[in-house]
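Once you scroll down, you'll see the structures, which are given as structure tokens.
Next come two complexes built around chain A: one with chain B, the other with chain C.
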Partner chain A sequence: MFLQTLITGLSIGGIYSLMAVGYSLVFSVLNFSNFAHGAVIMLGAYVGLALATKLNLGLGLVLAGSVAGAGIIAVLNERLAYSSLRRRKAPSLYLMISAMGCSVFLENMVYATIGSRFYAFPEFFGRQVISLWGSSVSLLDTGAFVFSLLAIWGLHLFVGRTRTGIAIRAGVSDMTMCSLMGVDLDRLIAVVFLLAGGFAGVAGVFLGIKYLVYPTMGWVTNKAYIAAVIGGLGSLPGALAGGLILGVVETFVSTYVSSVLRDVFSFTLLVAFLVMRPEGLFGRGGEEKV
Partner chain B sequence: MDYILSIVILGGINMVAVLGLSIFTGFTGLFSLGHAAFVAVGAYTSAILTYYYFVNYYLALAAGAAAAGAVSLIIGAPTLRAKLRSDYFAIAVLGFGEALRVLLENLDITNGARGLPGIDSFTTLPIVAACLAGGVFVAKNFLRSRWGVACIAIREDPVAAETAGVRLFRTRLLSLVVSAVYCGLSGGLLAHFLSFIQPQMFTLVQSTQLLAAVIAGGMGSISGPLVASFVFIALPEALRVAQMWRLVAYGLLLVLIMVFRPQGLLGYSELSSLFRRGTGGKEERRS
Partner chain C sequence: MNALDVENLNVHYGAVHAVQGVSFAVAEGELVAIVGSNGAGKSTIMWALSGVKERSGGAVQLFGSPLPSRPHDVVARGLALVPERRRLFSDLSVEENLVMGAYLRGDDEGTRQDRERCFQLFPVLKQRLSQRSGTLSGGEQQMLAISRALMSRPRLLLLDEPSLGLAPILVDALMDTILRIRSEGVTVLLVEQNAARALEIADRGYILDAGRFVKSGPGPELAEDPEIRRAYLGG
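Up next, the complex of A and B:
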């Protein structure tokens, strides 16, 4: 029972991490909370769903398609809703409002055109379980967890080793300087949104397989924001750790205490972190940049 | 006539909440997508008081407003500290909205997700009008006071404001509490007008509507958001068919305003200035 709960928690935590990584990436470069991230995750899930049910693709292709689809949506989102604000150096309040507008718009667009029906993915794993030290663990949970870890590790390598990755890290510390050094900011930001969108696509497909696909499924991203704060806003290892911690703690609370109080508990955890350690586990300090 | 009257009353109740959010977002420059939660606190507190304990209506309204203020203090104290970016507050208040809804759906005293039916309908047009007029009066004077000027200074430039001696944390917190009190009052009025409340009424959708009114009406203006919020309440009632597309339009509106006209309808000016000088709304703000 304990191990089973732990694995379930880790798999949910893995999905939270995927969402939090995308959010953190955008936050660290553009310095604002991209509240449209949840809507991109939702659209990624719908893209995956369409590929799986209409074209009967396998899980690998569904993931690939959803990564590409959500990535493109995220880039378009930036081009249409943020880029002009970014160019005239609008306060981050404006960017946040614009992001929230995107989120509300996309969510209700889906609601109005596709409808509020709940869709289920075809069963890729057929509820298979594997036994591990006497407790049965779902293959989906383990798979999602391992895949999330691999994806985040890949991102870590990309940001650390490639030229584009170096440009991203330079952009994080100083955007203007980075542009003076000859980095094409528009392209850099497009790459960042493509990456964030790609992670959102993976998260959307996993969420859709684990639960269901519906217009407001993106609201789960609230948990990813909380995870990002716990780990430290704008830090990638922080997003991973925060997501895993939140997922595990939530699952234990809902198994051993009360499933109703789960969301209340995550909120309490957030407030506790803000009081005791506002910079998060791996944060660079939560101060507003001047 | 009753139908039109009820739209006018609903519009007025909504305007009280928008007034509060306008102080917080429009004048202090902080982002909140959880003010519907403060409306919920006010609505439930006052409704429970009159429903179970037969407390006087006006006392219950005051208690609802005070409860919303107190709750906002609890959220604001850890999240609005001067050292923290405003994103922390935005995330915390989103989480709070969710947590509050879960609580309301599972407590006995709130009758869970089914909601509280049969609250006495005390709210009438004169009461709403009086609350609104009082609210505008208080808001105007608040914004002219030292505290209000400090709020505006923080919106323009937090660092410069701090160097000039404005205490960031206290001023932001005060602005939040004032705005939450407005929202709580609006909730109390709402509960005693509809005579039915349920947790579903206070979701992100409501928060979005409040924010859209403040943004569309114009930041840094009192009359602009009031006009916008009334239009937002009255227009969908008139165009019942478009119900489903209403939120699509709100979302699009927020983005379009931010991209093309961030000052909104009457940004940084008031309706009255339009008549006085005929050039109102032209003052572009440096950004």
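Up next, the complex of A and C:
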């Protein structure tokens, strides 16, 4: 029971981490909360669903298609809704409001075109279990957890080692000087949104398989926000750790305390961190940018 | 061909007319200094020349063709800026700052040579390669800021207040370094509040006051001018 609960928690936590990573990336570069991230996750899930049900593709191709689809949607979202504000150096509040508008628009666009029905993914390996140290755990949960870890580790290497990755971190440090190194900021920000959208696509497919696909499924990103705050906004290892901690805590609370109290615990955790450690576990708070 | 031809440059910050019709030229290989008191518009000129700050009027030619409007295109044309207060990527290591300096370069061999050249100018950087640049001392940060700019192998180097916050002995070394960089064929436009030191090493100097040039001439001559000494050089 304990191990099963832990694995379930880690798998949900892995999905939270995937969402938190995209959220954190955009926050660290553009300094605003991208509230449209949830809508991109939702659209990624619909892309995956279409590939799985209409084209009968396997999980690998569904994930790949959803990554590409959500990535492109995120880039278009930035081009259409944020780039002109960004170039005019608008305060980040304006970007946030624009993001909220996008979120409402995209959800209602799905209501108007696809409808409000709940859809389920076909069963890839949904019910299969593997036995691990005497407990039986879901193959999907284990797979989602491992895949989330690998994806975030890959992103960590990309940001740490590649020229584009270093440029992203340079942009986080000082956008203007980054452009004075010869970096085309429009292109760099497109890469950031492509990455964030790709991670949203993976999260959308996993969420859709685990639960269902519906227009407001993206609201679960408020959990990603909590995860990002716990780990420290803008920090990749923080997003991973925050997501896993939140997932495990939630699952244990649902299993051993009460599933009704789950969200009470999560939001209490958020408030506790904001009050006592606003820089999160891995954030480097208090450092001034001159 | 001139490295820089500036004709009637105007820059506004909202209603504030920060640069009011400034014209000057920098020949290739020259070291030109613009000096003036705090708030005279020196940094504004630098940001406008690097494409960051929009001009409200005037024409700028960089190596004979119009200045591009976006900073990354300006850099691609051979200009590099060492900004006031250095503005390093403080969360990145020394090495990563140098990598960013060479962002547009495709030639690995040339990039490696330029890195060695920077280590010759500033040997201490070689020992600090993996250190986070925000933890360097002020002098080391200035060395890294200059090296980062040199890593793009610029034809025109803009230096904005490089002596700011440095101890006098480091300022001496800095002025020597600037002369050395110029002697290697890089055109230098130097902006300084430390007017005496800048004019001593400059081929030509301009005195900027409230957004306009009030005097220009050979650097050392301006440095000796009694009227200028009284007004700008503190006696």
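What we mean here is this: the second predicted complex is superposed on the first by the 284 of 290 C-alpha atoms of A that agree within 3 Å, B and C clash if a C-alpha of one lies under 4 Å from a C-alpha of the other, contacts with A are read in each partner's own complex, and residues count from 1 in each chain.
What we mean here is this: a residue touches a chain if its C-beta (ideal position, glycine included) is under 8 Å from a C-beta of that chain, and two chains touch if they have at least 3 such contacts.
What you see is a predicted model, and the numbers here were worked out from it, not measured in a lab.
S.K.: I want to verify the contact counts: of chain B and chain C, which reaches more residues of chain A?
M.R.: Partner touching more chain A residues in the overlay: B.
S.K.: Have a look at where A:A167 lands relative to chain B and chain C in the superposition and call it first, second, both or neither.
M.R.: After superposing on A, A:A167 lies in contact with chain C but is clear of chain B.
S.K.: So, does A:T176 touch the first partner chain B, the second partner chain C, both, or neither?
M.R.: Once the two structures are laid over each other on A, A:T176 reaches chain C alone.
S.K.: Is A:L185 contacted by the first partner chain B, the second partner chain C, both or neither?
M.R.: Only chain C; A:L185 stays clear of chain B.
S.K.: Using the superposition on A, tell me which residues of chain A are in contact with chain B and, in the other complex, with chain C.
M.R.: On chain A, the overlap between the chain B and chain C contacts is residues 287, 290.
S.K.: Would you tell me which residues of chain C are touching chain A in their complex?
M.R.: Its residues touching chain A are 50, 52, 70-72, 75-76, 80-81, 83, 85, 87-92, 96, 99-101, 103-104, 134, 148, 152.
S.K.: Which positions of chain B touch chain A when the two form their complex?
M.R.: 25, 29-31, 33, 75, 78-79, 81, 83-88, 90-92, 94-96, 98-99, 102-103, 106, 158-159, 204, 208, 211, 215, 244-245, 247-248, 250-255, 258-259, 262, 287
S.K.: Which stretch or stretches of chain A touch chain B in the complex?
M.R.: Chain A residues touching chain B: 27, 32-33, 35, 80-81, 84-85, 88-98, 100-109, 111-112, 219, 222, 225-226, 228-229, 233, 260-261, 263-264, 266-268, 270-271, 274-275, 278, 286-288, 290.
S.K.: Which stretch or stretches of chain A touch chain C in the complex?
M.R.: 163, 166-167, 169-170, 172-174, 176-185, 284, 287, 289-290
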